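Would you mind keeping the following structure in view while I ask a few things?
Going in written order, the chains are labelled A, B and C, and every chain counts its residues from 1.
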Amino acid sequence: MSIEVKNIEKQFGQFKALDNVSLSFPTGELVALLGPSGCGKTTLLRIIAGLENPDGGVVHFHGEDATHVHVRQRQVGFVFQHYALFRHMTVFDNVAFGLTVRPRGKRPGKKEIAERVHELLRLVQLDWLADRYPDQLSGGQRQRIALARALAVEPKVLLLDEPFWCTRCQSAQRSAPLVASSSRRAAYHFNFCYSRPGRGDGSCRPDRGVEQRQN
Amino acid sequence: MRSLRKPSVIPGFGLSLGFAAFYASLIVFIPLAALFAKAFTLTWAQFWDTVLHPQALASYRLSLGAALIGASINLVFGFIVAWVLVRYNFFGKKIVDALVDLPFALPTAVAGIALTTLYAPQGWIGQWLTPLGIKVAYAPLGVVVALTFIGLPFVVRTVQPVLEELEKEIEEAAASLGANRWHTFRRILFPALLPALLTGFALSFARAVGEYGSVVFISGNMPFKTEITPLLIVTKLEQYNYAGAAALAVVLLVFSFILLLLINLLQHWSNKRAGG
Amino acid sequence: MAGNVSTLGRRTTRINHAVTEPLWVQLSLITVALVFLALFLVVPLVAVFKEAFSKGAEVYFASLVEPDAWHAIKLTLLAAAISVPLNVIFGVSAAWAITKFRFRGKQALITLIDLPFAVSPVVAGLIYVLLFGAQGWLGPWLADNDLKIIFAVPGIVLATIFVTFPFVARELIPLMEEQGTSYEEASLTLGASGWQTFWRVTIPSIKWGLLYGIILCNARAMGEFGAVSVVSGHIRGQTNTLPLHIEILYNEYQFAASFAAASILAGLALVTLVVKSLLEWQHTRDREKAARAAAQQS
């Protein structure tokens, strides 16, 4: 699915986070959004995800205006910077969450959910951790679970907020190519990840880097 | 015009704020407003006559005086208790720590009758004090005892977390610079703990000024001598002098609000200290 | 103002012997602290139970099953059963609005929540008498419609709600503030509805803090004396709660019976302290676990 943002504006109090930003991402591309910290990368991602409303401008998904589509309906997978795994749920329940909250008619059966969850856990190579709680995982493991959780609902777009911020952990390094390959294998049309500049995460080669400048 | 709320995707703003505001108005705001409205059905002259009546003045003296003494006792001993709980190890520490909150959990009426029985002339503690000529129950001293009891946890619970957060390195640095233990305490620790100590003192004081249940049993309730302000309000109410009761309540409330403001300022100061 | 200082989870005790006091200072301070606490806390507590059984177990149990006492117990439970759930609903919605959104008037709402802690219990009772009493603003209307609030059960419930009003909200606000909004956002991106997010993500993540608030709220609700005393009218077998029943018996010199009733409330207080401490220890363990996990990460 292609994404186009046009003339996006966002202001927090006195601070102008995004000033007339326009970008377009064709279907199937893996894009990294680059720029110094504080230049509005996270804000732009949150606007695309529907977690934040822009003060001005529009977001188009596949040519259709999605600016006012609710985050629930956008079918956007979002991996939060600190993962936001539900602490009171096991890894299995975390990944299954998106499937179990579907309305009764569209909700897959118990067995089907279990199969799907284990398939995703195998994809991120963490099937053996299904019964653990997030507090019992390392940073890299958590990130991969967060990825699996986001993929479970079969999003059209996958957004990763600072996926490699914890570059010191080995596991995160390993998960970098995984992000690329797993999402491709799962046949998502479009991927959108972003990272900070100057970090050695060359393992995740974006198809294209988009530089975002400080206003 | 800008809207009341900054837009957010999280749902339930209208419902949660609507219910909270409705409930808070119904339970707290409107009844308190009614109190002020009632008090001001009196003319200014009547209002001042009521709140400056010698019996009322005597009750303020007792309420404030006893609360002040009680809070001071708690300031000193609460500090020692907090210090001991944070810094030292001893048998049963966890139980002692849990027990400190007893005055929050124990109903005031229960505390009142227990203290009265203990400090009555024939009571467990009273029998030792009577020969010394010290009268506690049915005397102003009894009010002090009750107010000390109900304010006991405040100083401990405000000082304890601050003391835990204090970095040991600061003391070690002071020691390495040649300061002895007393100097370190007076110059380093005490100033750092002062905001928390004062906050605890003020909280304890504020709670004591309005206290009723534990005091009415032990004080003897003699007008001009052992009658606290909340009791005087009840007396007026029982005489169907609603406006008079409301006037005294307004005095008590205004005093509490000033204290609340003071406490907020103290906590602000305390947080700034802790943050910086 | 109890809530201001009783926030769940603050203890992490560490003892370092590099900088400390001489042993004799330590021992004297410990002694002073323990004697002070024994004198003010333990002795009164022991006295309650000793006086309760001063005339033997038979009198003790007889005074508890006596109809007026039994009615007082039931009324106390009823008042708590109404006021605690209402204050829980209020506390959760106020905390939700305050911590998940930014809006004008937030500070005013927070101040309003704190207010009942600063109000004398007697004044808390008085305000409802002024509103609903025979000479109150709504008194004539209530009388015309044959409704009774003051000197009746509704008044007792209202006064109880007032004095326990801040407990749950005060406990939840700092907790939910700390958790931020990312869990709810994550849940929404996964397609959950608002209510699903609330019940399946928010409530489980605040359950211990909520329970802590409920425990404190309940203890105060069952033990409130001043506010309830003003609105109840002290009608035996009708508007007497357990604390008021204690007062009546005490003033009639039925000390053993009075202390027997008091011992129930003292027992409740002890249970409250135990549950509260367990929750605090659980919270500390949780914290340490999370801290260890975070340390692993960086």
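Miscellaneous remarks
One rule holds for everything that comes next: a residue touches a chain if its C-beta (ideal position, glycine included) is under 8 Å from a C-beta of that chain, and two chains touch if they have at least 3 such contacts.
Note that the coordinates shown come from a computational prediction; the quantities given were computed from them, not determined experimentally.
Chain centres here are means of the Cα atoms, and by that rule the chain farthest away from subunit C is A. Just count the C-beta contacts per chain pair and the biggest one is B-C.
When chain centres are taken as C-alpha averages, the shortest distance to the whole-protein C-alpha average belongs to C.
Computed from the mean C-alpha positions, the centre of subunit A lies at a distance of 43 Å from the centre of subunit C. As a whole-number value, the distance joining the C-alpha centres of subunit A and subunit B reads 51 Å.
Taking the mean of the C-alpha atoms as each chain's centre, subunit B and subunit C sit 16 Å apart.
Shown for subunit C are the residues in touch with two or more other chains, namely 185, 188, 193.
Residue numbers of subunit A whose C-beta contacts span two or more other chains: 50-51, 71.
Residue positions 9 of subunit B each touch two or more of the other chains.
Remark: subunit A residues 50-53, 70-71 touch subunit B in the complex.
Within the complex formed with subunit B, the residues of subunit C that make contact are 1-2, 4-6, 10-16, 18-22, 26, 29-30, 32-34, 36-37, 39-45, 47-48, 51, 86, 89-90, 92-94, 96-97, 100-105, 109, 112-116, 118-123, 126-131, 133, 135-137, 158, 161-162, 165, 181, 184-185, 188, 193-194, 197-198, 216, 219, 222-226, 229-230, 243-244, 246-247, 250, 255, 258-259, 262, 265-266, 268-270, 272-274, 276-277. By the touch criterion given at the top, residues 7, 9 of subunit B touch subunit A in their complex. By the touch criterion given at the top, residues 182-183, 185-193, 196, 200-201, 204-205, 207, 289-290, 293, 296-298 of subunit C touch subunit A in their complex.
Every residue of subunit A that touches subunit C in the complex is listed here, in rising order: 49-51, 71-72, 74, 76-78, 80, 82, 84-89, 97-98, 101-102, 134-139, 142, 149-150, 152-153, 166, 168-169.
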